[in-house]
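The letters A, B, C and D name the chains in turn, as written, and every chain counts its residues from 1.
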Amino acid sequence: MTVHQFKPTEYHTTFGSHAPVLRIADGDSVNTTTVDARGYDASGEQVTERGNPQTGPFYVEGAEPGDAVSIRIDRAYPNRRTGWTNNVVAEHVVDAAYVTALPERELVTWEMDLEAGTARIAPASAVGPLAGLASLVLPLAPMVGCLGVAPPGGQAIATATSGTYGGNMDYRGLMAGATVTFPVFAPGALIHLGDGHAVQGDGEIVGTGIETSFDVEFTVWLHKDMEMTWPRGENAGYIFTIGNARPLDQAVQHATSEMLRWLQNGYGLSAESAGTLLGQVVAYDVGNIYDPAYTMVCKVPKWALTHLPLVAGS
Amino acid sequence: MTVHQFKPTEYHTTFGSHAPVLRIADGDSVNTTTVDARGYDASGEQVTERGNPQTGPFYVEGAEPGDAVSIRIDRAYPNRRTGWTNNVVAEHVVDAAYVTALPERELVTWEMDLEAGTARIAPASAVGPLAGLASLVLPLAPMVGCLGVAPPGGQAIATATSGTYGGNMDYRGLMAGATVTFPVFAPGALIHLGDGHAVQGDGEIVGTGIETSFDVEFTVWLHKDMEMTWPRGENAGYIFTIGNARPLDQAVQHATSEMLRWLQNGYGLSAESAGTLLGQVVAYDVGNIYDPAYTMVCKVPKWALTHLPLVAGS
Amino acid sequence: MTVHQFKPTEYHTTFGSHAPVLRIADGDSVNTTTVDARGYDASGEQVTERGNPQTGPFYVEGAEPGDAVSIRIDRAYPNRRTGWTNNVVAEHVVDAAYVTALPERELVTWEMDLEAGTARIAPASAVGPLAGLASLVLPLAPMVGCLGVAPPGGQAIATATSGTYGGNMDYRGLMAGATVTFPVFAPGALIHLGDGHAVQGDGEIVGTGIETSFDVEFTVWLHKDMEMTWPRGENAGYIFTIGNARPLDQAVQHATSEMLRWLQNGYGLSAESAGTLLGQVVAYDVGNIYDPAYTMVCKVPKWALTHLPLVAGS
Amino acid sequence: MTVHQFKPTEYHTTFGSHAPVLRIADGDSVNTTTVDARGYDASGEQVTERGNPQTGPFYVEGAEPGDAVSIRIDRAYPNRRTGWTNNVVAEHVVDAAYVTALPERELVTWEMDLEAGTARIAPASAVGPLAGLASLVLPLAPMVGCLGVAPPGGQAIATATSGTYGGNMDYRGLMAGATVTFPVFAPGALIHLGDGHAVQGDGEIVGTGIETSFDVEFTVWLHKDMEMTWPRGENAGYIFTIGNARPLDQAVQHATSEMLRWLQNGYGLSAESAGTLLGQVVAYDVGNIYDPAYTMVCKVPKWALTHLPLVAGS
């Protein structure tokens, strides 16, 4: 149950079987930091190359392929007072015939009041075409854009995308209090995380949240011999599964199939009960729809499970 | 401002330029009923053929192509105490390799306590593989599965699908209190509605909500010369746009483009402000992902618009 | 075995259960004409509104839902010496980020030498940015863009799209010598045809072939009680099935499933043989990828079937 | 202009920046072998793990990111007399509702007459449900399923999929006589190849061609500072571009955009001429539709380019 204090000195722009930066045990926590998507840290210095550089990987003692690791986000919060966003929705998120109506892409600087938990466009940015947003105040909802483990087969996959191993999922629900469980594909699981967003709309449709550096603390549990295909998670209100693929229809299929498996194998429902229940209580959340793989989250409210004869953990 | 009492005697299984059943004026309300997806009415009698039979069409006096009509759902509530669902997620909503793990399709009967606002599986259905759901109680969240106007070009399109004219969108948000605005393609707009669901999960992934007959009241407003492409709506907390297409990615594109147009033309935002704002506050809701066309809803919270210099209506 | 001479005086821009213009018997042929996609006839006069106006519908005596009708295209050839194309690939057929690199859309006029069977850009069009194509000579490959029957359920569907009933499929293979079989959904089948292209690339990616008016002759056969889902066809070298849907992946699924059914039910292959054979000999042709529904054709070469113990007709 | 004789002793199941096995110069040829998709060599021995093991990588002297390398396949032919296929079309290539009609997956053994250039099902396999195919004789059309270079950003990506760097594209056109040009992302380009198919239908829809080991010879040219995004190629009749993505619609977009760029930058066409020409002469070939990324090939016949004022090489 150690809480490791870890100060990163190197970062990775792929999820892969890189040399571990720290070895941790089942139940341990790690208190660390992440840089922003362009490699800038808490002091506003660029300390590594751009492209969603990841902190880690963290080696979980005893984790082997066929196991699973749960990662609870205990804290994820900006550690500096500025961030940036894009100002234009991605061309592939609008109708092809609407693309020519999009404005030029420019970065927008935001200022954050970390005590009040709010963000607004920096006065120097809230001018010209953005003058109309000068008084906009957004509540912070800090989340981790990238989270995952080393992918299977010795692959090293760019932090631009995602898969069964997690990756750049940009799901707003990956905030403090959420726990996500990943299948283990490499010895030690090799946990990576980064790409903190102080605020983000569904889909990360402009290609950014409010990008900034984060203080992060997370706790890890190891599950030996746990069969699963896609990431599973839970928060105060829901259990959820995550599908990563393009088109979005396929992400839906991955997440829904995984939820049906979980309801049956984890919660003891018959196939008929799983379908009947899911049909009437399922909710979907859209994760990233900007990157090569899109993310769809399939949720079941916990209240719908509490009446069931058998309720197992995640 | 008349409230018309209308008792339907015929139904349509296409959205089309059918003979109007009632002519109403701008601002009028209609109090009527809908049968369930298989044509059964409040008394449990089958009064018309299956296939989402629609009540209407209602002719809005003065509505011409190029105009728009807003429909506020004032009331939408079951008018009988039984409903039915499927018990299995659609094959195309799960991974292709998972299809063989799905159980046989069977109808499940539900009972509703209309005073308490709850539904549960009928005792005769909550047996065998569904025994585990015997104590499940779901809160009613009644919504209208089908709503729309006559499609363009003299088309008559099955109530199984959807498009710019609305149709079978199965969006949980189309409940009492919501207003949806459609472009007008035919004289009189020709409003159709039906396919009430007492409860429904996102996506209508089993092909049904809790299907039942409804009492419905709605109010209509006419907007002359209002340019729009996809349905727009609002409820207490959000404005929203609706895209209908397959794959889901294209539905996202339609809804997002329409929201960008609305933020600019309706709320006076610059293209840069529309993109910047939408990127950080947008939320998406999944409508129907069972039918030939899928439905995606793009939402902006009203609180994010209240600070803006100019706020126009829907 | 009558050859009907039919001169159209009205046209339809939907596939639907319109009043028949002619009643024909099993085995009869029809010799008629089609106007171009904008309603211009052989004399270059606009005789009807634009939007792929169709000749027909032709009522096949005795055809009932559950039957099928085969249509052999005996002749399909331009009946005037000019045609037109667009000059720009559709926005949705290129990468979203490439859309802004597309030029302005303009019509290009083409001249045809009907005796030599060639087309070239008209001198008045082959100037400015098109000067480089002044010496381009294309061989005519005349084909019918739209072909089909009335859709199911009393629908009337715009000639812009396609489905199980055929429609605007823009498949280059629908030329003289090809036979296509459609399921019958309405009494008399109600055959529509139009949208002739003197030349067309795969996909109709600029939204047009060389659009022109046609002389057409076709022969019809009725098959009572023939179970099928998607159009099936054959030409000198291949049997083929046609899937119409978006995304293209789904069109592939429809066409491939129909071919597997045909190989089993029509050619007597076991499921294992159908899969084994198809895997090694299948070829796909891309039909329309411009319109709301895309078209994919699944082909099997006839030589691969001739060795089989049992060979049935189409 | 050396012809290197290279006998592989190790293989890779990722496309990545692995240690080169041989360094070659611009214009050099390599004569080597590939094992089959399960790691079996010419003698029928399993010499490496399954999963499309690749021969290489070959380091091209002087190749740097920003350059391109052309690979001409001089010879690609089976070097043993047996191969194997699957017997069932992949679940995701048929309609979801058709999946339950698919038979059990089993391997089928094929025998090849390398002198006659034919393949047939081995007598021991052509029994039971495959008895109907006992007399089927297929002409060999040997092709390379996997071809490509190291992907960008230090990635190592499974040989199950494909991207801008090539990979597992399963395009029937990658046979002797074809030349493919790839962008260079890593020093030396790092050419990988493998996964030979003696025969294959479009799409590799059963997940295999006739899988076997190959003798391969190829020649490489280096193009310094050549800007391109997706693979480009040519054979006797066509120039072509290759897009790799899912859904197939996106693969179409990648390939078509690359062809438009090539027609303009390589052949000197205006944007208007490129669109006009492509619209009427384009042909598409379906590559892999089995794997995570699908492959679509966009072709232009060389005869359509020969009349143009300026014709540049590939």
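As a working rule, a residue touches a chain if its C-beta (ideal position, glycine included) is under 8 Å from a C-beta of that chain, and two chains touch if they have at least 3 such contacts.
Please read all numbers here as calculations on a predicted model, not as lab measurements.
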Between the pairs A-C and B-C, the one where more C-beta pairs touch: B-C
Taking each chain's C-alpha mean as its centre, the one farthest from chain A: C
Chain A and chain C: spacing of chain centres that average the CA atoms, whole Å: 47
Between chain B and chain A, distance of the C-alpha-averaged centres to the nearest whole Å: 32
Separation of chain B from chain C, taking each centre as the mean of its C-alpha atoms, in whole Å: 35
Chain C, residues touching no fewer than two other chains: 92, 94-96, 246-247
Touching residues on chain C, where the partner in the complex is chain B: 13-14, 16, 51, 152-158, 245-247, 250, 292
Residues on chain C engaged by chain A in the complex (per definition of touch): 90-92, 94-97, 99-100, 247
In the complex with chain C, residue positions of chain D that touch it: 85-89, 92-96, 98, 101-103, 106, 108, 121, 128-130, 132-133, 135-138, 199-206, 208-210, 246-249, 252-254, 256-257, 260, 268-273, 275-284, 286, 289, 294, 304, 307-309
